[in-house]
Structure formats: C-alpha cells, structure tokens
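Sharing a structure below in structure tokens format, with a few things to ask.
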Amino acid sequence: MSVFVTQLFNGLSLGSIMLFIAIGLAITFGLMGVINMAHGELIMVGAYATYVVQQFFAQYAPQSMDYYYVIAIPVSFFVSALLGLGLEKSLIHHLYHRPLDSLLATWGVSLILQQMARTIFGAPNVAVLPPEWLDGGVHVAGMVFPYKRLFILAFVAVSIFVLYMYLNKTAAGRRIRAVTLNRDMAACLGISTQKVDAYAFAIGSGFAGLAGCALTLLGPIGPTIGTYYIVDAFMVVILGGVGKVIGTVLGAFGIGLIGTLTEYSTSATMAKVITFALIIVFLQWKPSGLVSMKTRSLD
Amino acid sequence: MKPVLMCCSVSVDFDGFYALQGADLKVYPHEVRFLIGPNGAGKTTLLDVICGKTRASSGKVLFYSHDITDMPEHKIVQLGISRKFQSPSIFHQLTVWENMELALKQDRGLFAVLRAKMSEADRDMIITLLQRIELLDYADQKAGSLSHGQKQWLEIGMQLIQFPQLLLLDEPIAGMSAAERERTGELIHEIARDCAVVIVEHDMDFVRRFSKQVTVMHEGKVLCEGTMEDIQQNEKVVEIYLGREEKAC
Amino acid sequence: ASSAVDEAKEKKKESSTSETNDTVKVGILHSLSGTMAISEVSLRDAELMAIEEINESGGLLGKKIEPVIEDGASDWPTFAEKAKKLLQKDKVVTIFGGWTSASRKAMLPVVEQNNGLLWYPVQYEGMESSPNIFYTGATTNQQIVPAVSWLLQNKGKKFFLLGSDYVFPRTANKIIKAQLKAEGGQLVGEEYTPLGHTDYSTIISKIKDVKPDVVFNTLNGDSNVAFFKQLKDAGITAKDLTVMSVSIAEEEIRGIGGDVLAGHLAVWNYFQSTDTPENKVFVEKYKEKYGKDRVTDDPIEAAYFAVHLWAEAVKKAGSFDVDKVKKAADGIEYKAPGGTVKIDGETQHTWKIVRIGEIQPDGQFKELWNSGEAVKPDPYLKSYPWAKDLMN
Amino acid sequence: MLSVRNVTAGYEQSVVLENVSMDVQKGCVTAVLGRNGVGKTTLMKSIIGLIKPMRGNIEWEGEDITSLPPEQRVRRGIGYVPQGREIFPTLTVEENLLLGFEALPKKINSSHVLEEIYELFPILKDMLHRKGGDLSGGQQQQLAIARALIGQPKLLLLDEPMEGIQPSIVQLIRDVIMKIAKEKMVGIVLVEHSLDLAFSCADYFYIFDRGIVVAQGHVSKTSKSDVQQFLTV
Amino acid sequence: MIKKNWMYWLFFLALFLAPFYLTEFRLSLLGKFLCFAMIAIGISLIWGYTGILSLGHGVYFGLGAYCMAMYLKLEASGGRLPDFMEWSGVNKLPWFWKPFEQPVIAISSAIIVPVLLAMFLSYFTFRNRIKGVYFSLLSQAIVVVFVTLFIGKQEWTGGTNGLTNFSTVFGFSLSSPLTQIVLYLLTVVLLLSMFLFSRWLTRSRFGRVLVAIRDSENRVRFLGFNPTTYKVFVYSLSAAFAGIAGAMFVLQVGLISPAMMGIIPSIEMVLWVAVGGRSSLIGAIIGAIVTNGAKSFFSENYPDIWLLFLGGLFIAVVLFLPNGLTGVYQSVRQRKKQGEVRANEASSHVLQRVSRF
C-alpha cells in the first residue's frame, strides 16, 4: 500500500516537473507553432539566473540568504522572458510564415546559448543550494513527501491556473490565439500582431525560466541541461494535443505516472522505453493527442 | 431506372449535434440535381458523407450496387464519384497543368504512377479542357496564385477530366461573374450527358435557369423535392429559405 | 586507383612532420562542448599547465611543445575523426585525451592503425590494454576492488548497485558482484539509469525498500546531482546510508554542493587534500592559473602527470618516436601530486595509491584510508581468483 | 473619405493593379465589379494594408495611410470582410465575435452591440459556443460580416459578402448594408458579382478589367446593359 | 538541358577525382560527409517533396550501420566471441548475430532491416493519419526507444561504446589507403545513383503526387490516390538510403554507436537539408557537405567557441537564405527570367481608357 502511495506521489511529482518544462513550450510551440529547439536553453537560463541570484545574496546579503529563492522566482521568469523577447524581435519574428525554419534557427540559438553559458559560467556544473525552508518533508505513516516536491506541485498548479485563465478568459489571451491562427486576419481586425507575437513568446520563455528555477531544487545546473528536457517537453505537448493547455496537463501527468509505475516494476531504462513506446501506440489511436482540436476544414 | 446514388436515412452526429437526421436522396443517371436549403441545413455534410469525408453515424449510402458508407475516400473516388469542395481545393504548389495531370483518369496505384507517361491523348485532353476553362494561358503558373474564381474553374476542370459517373459540386459558381456562371451552367448540362450531377447552390437565378429537379433540405432532412416552380410555391420553403423577394421574381 | 594511392602516400611523406627544428606538436583531445564538457574541460587545462611547465623548464629534447587542441564534442565518432586528424594531418607525436570509455574505444583503432600514442587519464573498467595507449587513471583493481573490500569490512554486507547505463558501470558491477560473492557480501539491488536521467524518486523508493548498508554508486555526470539532491530530500543522509561513489571528485562536488554530499564516500587515487609537497605546489599553481575557485581532482591530476610521464619517457628514449617512447616508458617513475606513480610496461597502466575519502561540507575529502604503497595495475584482474570466471 | 491614388500593386511575381484611382464617399455604397481575376480582391487588400502598393498612395480622411499596417487602419475605422471568410476555426463563435471589438479603443456597451448583432443574425446566437470552423459555409459568412460590424467601422470593405448565403439572408444583408450606409453614414465598398444585387444597393460603381479601371459612374445614371458589356468577354 | 545540368556533372566529377587532390585524412572526411549526403537525399525526398518531417532518421542510419558493423566485428574477432560480449558475460554468439558472418546477408540487411522497420512504422502511422509535428515527434520517440534499447542491451550491441575496432572487410585491411579509396569511390557511385534515381522520381508524375501530398494530403485522397501508399513508399525509400549510408559510414569511419542514431544526430540530418535547400536534391547533398565541412572547419580552428559559429551559420541561413544555399542560385536565375518577362509586359502596357457614365 505504502509503496503504491509513494509511487503515486512520485508519479505526480514527476508529472509536475514534466508539466513545468512543457508549459512554456505549450505556448511557444503549441499555440504559436514555433518549433522552439532553444526551449531547453531558456530553461537553462532560468536555472543560471537562480544561481546568480543565490551568488548575489551570498555576497551582499548573507543574513537573508534563505530568501534568495523568493527573489529568484521572478528574476528567472523575467530574465528568460526578456531573452525570449529579444529572440522574437530579432529572429522568430521573421519566421511565422515558415514554421519549419524555426527549427533550424532555434537550433542555432540553442548552440549559441549553450556555448555562452559555458563561456560565462564555465563548463562544469554549478551548485544551487535549495533554501533551508524547503529542506525536509512531511512524514506520513513511514512515507516521506519532500517539501521541495510538494512545493513544485503547488508552484506548477498555480502557474497552470494563471496561464489557463489568461489564455481562455482574457482578451489578451484571445488575441494570442487569434494571431497564431491567422495572422493576417487578426491584423485586419485591429490586433497589433507584432506586439502580440512578442509578448506571447516572451511569456512562453518566461515560463521556461520558471521551470529552470524550479529544477534547480532537484537537478543539475550546467550548460547542457536543456538537452535533457527538450525531448520530454515536446512529447508532453504532443501527447496532450497541440494548442490545448489542458492537454498539456494531462500529457504531463500521464507520462509521469506511467514512467514511475513502470520504473518501479522494471528498470529506469525499460521504463523509458515503455513510456515512449506507449506514446507511439497512443498516437496511433489518437493521432492528434489527448485533447484534439479538430475542425471540419479540409486540412 | 436504377438510381446512381441512394442515400437511405443518413444521420451524422457531431458530438451530440445532429447535422443530418435521416436524410434520403436518390439520384438517377444523367440527372442534374440541385440541392438547396438554408445555411446549415446539412447540404455540405451530406456531400461529405457521400464522398467519405464524414462518416455517417447511421444510414447507408449506395453507389449503384456498391455500399460505400464505410469505404475509404480514395476508393470512392476510384469508383467514379468526384467532388468539388465549397472553398476551392486545388494544389497550390503545383502548376495548373500539373493539377490537371494528377486529375487525369488513370490507374492511381503506386507502381502505375511510377511508370506513368503523358500520352498524346492525355495532353490533348488537358489542353482542350484548359482552353475550355480559360486557363490555358496560366498552364505553367502555380495554382496558388490564381484568383478565387480561377481556382473554382480549375477545380471544376479537375473534376471533368476524371470523367466521373457522379459529380458532386458544392457551390461551384460562388465568386464567378455572370458570364462565367452562364458558361458553367451550360458545361454542367453537357457533362450530364455522361454522368449524374448533384449541385448545391444558393443562387436562385442560376437554379431557376439550369435546374429540373430541386431537393430542398432543412435541419438535416429533405424537406421537399420538385421543380423550381413547385418549390417556389411552397410556403415553408419561402419562409425558411427564399424570402419574400425571391418568391416575387 | 593505384596511382592515386601512390600519390596519397607521396603526400603523406611530403607534408612535413610536426617536428620542426624548435617545436614538436602534441594533441589534446577532450570534449569542450556537449554533455561531457562539464568534466573534460578541466583535463585540458591540467594538460596545458603541464606542457607549459615543461616548456618553461627548457622544453623536450631542445624543442618546445606545441599543443594542438581539438574538441571531441562528447561524440564518439568525432573523437575518432579528430584523433585521425591529429595523427595524420598535424602529425602529433602523442595525444592526451578522452574521458568516457566510449571515446577511448573510438580512438583506439585510430591510434593503433596509425601507430600513434594516446594517454588516457580517467579511471575505467579495465579489460583492455592497447599497445598504443597509456592508462594513467585507475583500473578496477586500483579503485573498485579495494573499495568493495573496505566497505565489506567497515560498513556492512548488503550492497545496492546503482549506475548509469553504459559500459563502465555495467562492467564494474559485474566485478563487484563476483567480489561480493567471494568475500561474503550480499547483493540487494542493481539499477541502471540512462545517462542524463534526472528523476531518482523511484530508485530511492527501491533503495528504501531493500535497506542496504551501502549504495555503490557508479552514476556518471549530471545524474549524480539529481540523485544526491533527491536522496537528501527523501530524508536519507550519510548517517543512515553510506553511498560510495567512483565518479564523484572535487569538481563534481562543486556542482552538487558539499552540503548535499557531506558524509558520503568516494574512492580515488588522489584528492586535492592529499598531503604531499608536490600536491601543494600543484594545487597552488592550478588555482593561480585558472582561478581561486577552481579545484583539482583525480582525473585532473592523472591528466597532469600523464604529460610529465610522457616527457620523462621521451627524455629516456631521446626521441619522440612512438616505438622508442613506448619501449622507454617501462618502469618510468614520476613524483606526481598524489604520490609517486610508475608505468607498468606490460599493461601500459600506472601504479597508483588507492584512497578512500569522506566528503566534507566544504567540498573537500577527508581521507579515511589509503593503500599505503602504489598498487600494481591489473586490468584483467588476473591476480584475483574470484575474477577468473568473469570473462564468461 | 477614402481616396486611392494611382495605386500599382500586386504579388511577388506579378503586378495585378496598375495605376488605379478610386474615391469612396461617406454614406455611399460603392460597388466594385469585374470578371474573375481582374484584381478586385487585390484592391481590397491594398486598402486594408495586407499588400503594400508598389506605387501610388491611399488617403483616409485626409491622412496618407499608405505605409500603415492593417491594424492601424482598422483602428482608424476601416472594417474588412475578406473573400473566403477567414474565420478563426478553433475559436468559438463568441470568441470570433469578441475579436471584432479589437478595432475599438475601449469596449463600450459590448453587450448592447452584441444584442444588435444577434438580432441581425439569430443563427449566431444559437451557435455561440460552437467552433467557428465547424459552421457551415453560409454561417461562417454571416459570422464574418457580424464580426466586422461589431467594430463599428466608418468604412466597410466587403469582398463578395453574399457568397454562400441563402437568398432570404442575402436580402437581409443587403438591407443592412443600405441601412448602415444611410443611417450611420458609413462608406461601403462592395465587391459583388451579381450585377442585379450590386445595382440594387450601390450608389456608385467601378468596373475593373485586368487591373485597371475601365468604367465608373453613378448607378442611377447608368443602365445595366451598358455595364453588362464590360463584364462579358 | 545540358547547359542547366553541367554544374551537377562538374560537381560529381570533382567528387570522383577527389582522391587525386585530397590528403588521406581529408578524403576520409569527405567520404563520411558523402554518407551523410545520402541520408540528406532521402530526407529531401520525404521532407522537401512530400512534407514529412522525420526527426528519427538516425535510427535507419544506425540500423544500416549496425548490420554492417556486426559483420565487420565478427570478421575482426576471427571466430572468437566479440570482445564486448566477453566482458558482458555472454558466452555464446546470440542467434541473430550468426547470419551476419555472411557478408551478403550483412549487406542486404543493411538495407532490408531499416526498410522493414520504416515500412512497419510508417504504414500504421500514415494509415492512422498522423501528420505534421505529431509525426515528427513520434519519429523522435522511436529514436528514444531504439537508442535506449541499444544502450541497455550492451551484451548484444556493445552498449554506449557501440561496435568498433574492426580490422578487415572481405579480407582487405580497412586501414589500407587503397581500401579506403575504393570505399570512397563506391560511396560516390552510390550517391550518384541515389541522386539520379531520386531526380527521376521527383520529375515524374510520381513526384507530382508527392508535392500534392505535401500541399494537401486530403485533397489527394479526393483525387482517388491513396496517400498512405505513397508516403510509406517514399519514407521507406529514404530509410533505405539512410541504411546504405550507415553501412558505408561504418566501413569508412570504423565505428557505430547509439549516440549516432540519437536525437541530436537525427535533428542534424534535417538541418543539413535545410541549409542546402530542402526541396532540391543537389541542395541536400551540398547542405550535408557544407554543414559538416563547416562543423569540422570551425571546430578544428576554434575548438573553444566553434558552436557559436555553427549556431550563427544556422541562423544566418534562415534569415538570409530562406531557401537554403541552392535557393540563392535559383532565385538569381528566376530574377533574371522575371526581369525579361517584366520588360515585355512593360512594353505592351496599354494606355488606360476609362469610360465614364
């Protein structure tokens, strides 16, 4: 029983991480259609931003060291968002009518960002020490639920909620969806497409930054961490169904639960194989993901 | 006479919304059948079901003696049912000529196409048809750069060159100017010498001019059938569809 | 085509060898980009420092050493390509390079076919002894085998083996299992995770289930960060469970955080804290050159002294010629920062002292045990009876 | 209020409009006639700003708007119903309609405006939560017109607005067009193939052939048959 | 026609003559790039012409390579168990390794195995109408499955190390320059045949069906073609090319490991084609050579920061050469043609006469 509960929790926890790394992509790729291969590097930037904030506190405010993380959250969002904004303005902006080219260009961006991280912070990993108030966990009947994982679950839940409301219940969200569906027509209704594109991409990038900040609690921070998460992030979005935030949530937790449950009874390697094989089989059955957005138009 | 096409109480359910609720339709050889009805009556959906784009949730579609209700789209086309869509659907990246070439009546299997060569007869055929749809000058242009009306014509041309046995036309003259409408109407009747045609159209002048039998659809069902004169007298049709002015004409 | 061959040969002769009158080229081939860069960049730094030292003291055989640096890019065919380039195009007299076993395996046929020389500075899984490679990292009997014995004596019998899914951990664990059987240990679990795996919650659950005395950790690279962070979150500290690692050195600790690792163990041949006069100088120099916050560790040291060992061999041979250097290398000794090392001519491995250390919160090791004197390398574990059946 | 001055425009590979001039008056319905492919849609796109003219300029209420992007023109009071509807297929009907408000500076009385629209097109009210792309052709066309009307434009560009609409609603829309032109003093440019229809509601007309204006005049002073000659080959 | 094509022939002639003017090392690099070019042709066929973006061609390349490598490994082991099996605790050659003692079987499997996998996967995937990015990412999932399995099954595949350390092929020493030159020339011949075959395909009616599928698969269906058959065929063909490329790669580079069938190489394959110009076969070849050449060049000369250059190259191509390298050539030609047309138009420009009523 406790094994099952623990694994369920582990699955949810893994799902929440999956969701975190995929939220930003759900916007930039799912909604905007940009195959953003630099998404992982935007996560990396968020993680390094967290590291820098920590170093800053260690240097100038060691007495309030414990609260560096509170500052790091918005900082990592804005640093990545700003970078995303710059990217959109200088590069992506030219590519909306050539979606596949964004693959090539953002791949180039990811190479450059990796190398820049290596040049600025050095090739080896850097350490971010999680704040002390996140140490430990809730003990229930011999099981431990680490605060960090609970925190990430809550963090991602809030993020998703905010994002969902923003996209579906506000005029700004509606504008984003309209522009991504038909740029010309949106302009003909009085929407400033350039502005909308820019802030949508910035928001997506910002969420990647947040993911980076969250990941510092659990994993490594180095120039190549983006490469670990990029495939998973795309899988989550695809499995959920492109363009639907709800789908992304389901996809993330689906992958998380399947991953941990199979890993417990097999091995990490087999779990990975089975999870991905299941994704392939699943898509045969639902060719456009869990939550699809089909319309009757011919294509 | 045996009907070419028979739809027997076809229903289509889109997540609880019934776009068709038991529609029946019989089309006979060499017939030009007009399908009219209010927006949303289910005309396009009915054509979709016939050509396999949408699957009927109940009912049956027979083409001669073939049950085509669940047949894959390309097989239905190979049987001889050809469809023009409501918005022009041609291959934008191919030239006008290449669009016609693909539409040629031919064995459409992989290996046949690998070996395919353009015969003199095929070439002449395409030229004749292009002339007829006034696109010969545009033969080497990408179809994507045609105007709306020209795309409509090209698509009609692509149906003709297939020599279908049943031709489904969804608003073929939308966006055409008066002269072209006239020509289209004549063309359709010429075609009808070899095949049956089902046309959806909202232009009453056109319907009046070229129709014999008209079927009126409403809320997913066939409301009535008859000549245009009969139908114009039907109060219900006037109310839901024609409006007062059209009746007056 | 045969004339083309002649011509190609002709060209090979024509293009001047790398030995000009006053310089001699050596190749440095590590991953400067990609996932392995986190470890390998420091090796390049150490090797460059050694070369500089030699050049400052007048060079070798009257010539300055000119390093040619290439990026293996964490990609094995690239290692093969660059090794070929170094040997054929640059005509380097030797190469220092590699980290992962896969990169070594990729370079091996290249150096053998071109009769080149490769110095490989990282601990590895043994079972190899190429005539064209010198191994300055530990083989299994200089790291894993003594660590297992020590653990059995000091920590307990129940072992949980955790490793990355590739050749080094799998081979290492095979050896460990044989040794456990022979020395009375007990295997309670064995798990492998793909390289770059970052979620260890399930594995930690499994560890909790079987309650081992020791986790023998052969994870490589970034996975360690995730494993240790998450182990701590799950409420397991070094007091509850000892983790013995073979791929975590000072450099890796820096990227995980000493606090997270404090109390856990690692086995190496060298620690930055190793107390020898040579090491004092070495660490000081390294920090001065590359930054105060940099650390030294075992592979860095092995890369560093590899250059010096080669230089000694060249001096002894009086030539840069590969065959002559190889012959001269047998028995060469060097006072390395971690103690005197010596080349074993038969296997071309290095005699090294084995050390077990406990990680301190400041990221340094406290040595708990050492082998006293240098251990003779035995890549095929021929001197261990229990290892006889290992190969089949 | 709108004047197109000597505009030459086209696509990457081809020039479609050559030296076209045209004026649109407040409260007038201006019909644009011509056979297929003569450049009517291209003209509309140039006015709304989707195509940048190669030469010539476009003035709106005395201001040169030639280099403004579409959204700026829309916010200055130009509304557009494109040929082919261009509904946002995965947005609901309601969301499609709400996007009509983007043209306005602030949402004033949005519910009141919407009520008016629903009165005009009752079918839309029934389908508020259906996806725009699932509507039938005629329903989409009505949605597109409604969406443009919500923006309360001072100039309305209609590119074959009656395509695919059932006769009774065609009559209704025609009446609406005439009503808003006369009552709200909106200028309307109507591209239409049916001469009857165009002449039944337009005040002024332009006839195009191969990218140039070949005829123009007041509807009231012209007989249909005179015009007909330009439309047949 | 000849005038238009002389550049192709010159290009291939230059490739044939490369052994005369390149050093042994450069020649081996070029040989490797030409293997990549074979993959690129296949990707151009499916992506450029048919609109199927596969991010998983590393798998087909890898399978072809492994089939060849198994033979080479067995030959190098001279009847003994391959070394990695020994230290992985295998004591008998697994049954599926046995057939690879026969060169004929090994060579034919290098084509058949990738093709069978491609056919199997693509048949279901395309029949179920998985399209666009869904297909792209599904192909990536396949890569993950295969790479993870190949790494995990170390005792059968050599794990991360892959298969390496070969000595001879059909008894000829792999390291001898003569063998290398023969292998190189064989690569050029194969590449040329693939190029000519693909060119013939794309210029025939078959090619037009492919473009039509790219344009709109559903419309193709309503013209009576079954797109699934066409897509499966062209996809499997590209898998065959990749498999052959893998076999030739192993022969020349002497190494195959799972890393080379992974996600990153698979994406890189697409990038080569994009750089060269995706709907041009010769562009694909040039893209593969140029991109890899640039990679080698930059990393040899700037080992520390070569990624900046490579990244910059990709961005520059996208921003300034939307149709890739060959796009430049094409657009220059087109502009020339258009200039002529426009001049004609201008001269026949009629005076405008507006009738006013």
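We just call them A, B, C, D and E in the order they show up, numbering each chain from 1.
The definition used in the following text is that a contact is a pair of C-beta atoms (placed from the backbone, for glycine too) under 8 Å apart; a residue touches a chain by one contact, two chains touch by 3 or more.
The structure displayed is predicted, hence computed values, not measured ones.
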Contact-graph separation of chain B and chain C, given in steps at minimum: 2
Most distant chain from chain E by Cα centroid: D
Pair joined by the larger number of C-beta contacts - B-D, A-D: B-D
Gap in Å, rounded to a whole number, between the CA centres of chain E and chain B: 43
Centroid distance [mean C-alpha coordinates] between chain E and chain C, Å: 36
Centre distance in Å when chain A and chain E are each reduced to the mean of their C-alpha atoms: 31
In chain C, residues with contacts to at least two other chains: 32-33, 165, 192, 194
Interface hub residues of chain A, defined as touching at least two other chains: 114-115, 227, 269, 272, 296, 298
Multi-chain contact residues (two or more partners), chain D: 13, 134
In the complex, chain E residues that touch chain C: 19-20, 23-29, 32, 81, 83-84, 86-91, 148, 151-152, 154, 159-162, 164-166, 175, 177-178, 181-182, 185, 253-255, 257, 259-260, 296, 299-300, 303-304, 306-307
Contact footprint of chain B on chain E as seen in their complex: 201, 204-206, 208-209, 211-212, 214-216, 218-227, 229-230, 233
Chain B contact footprint on chain D (complex, rising order): 11, 13-14, 34-39, 41, 83-84, 123, 130, 134-139, 141-142, 160, 163-172, 193-196, 228, 231-233
Residue ranges of chain A in contact with chain D within the complex: 171, 174-175, 177-178, 181-182, 184-194, 243, 293, 295-297
Chain A residues touching chain C - in the complex, by the definition given at the top: 3, 6-7, 10, 13-14, 17, 114-115, 118, 122-130, 135-137, 139, 144, 146-149, 217-225, 227-228, 259-260, 263-264, 267-269, 271-272
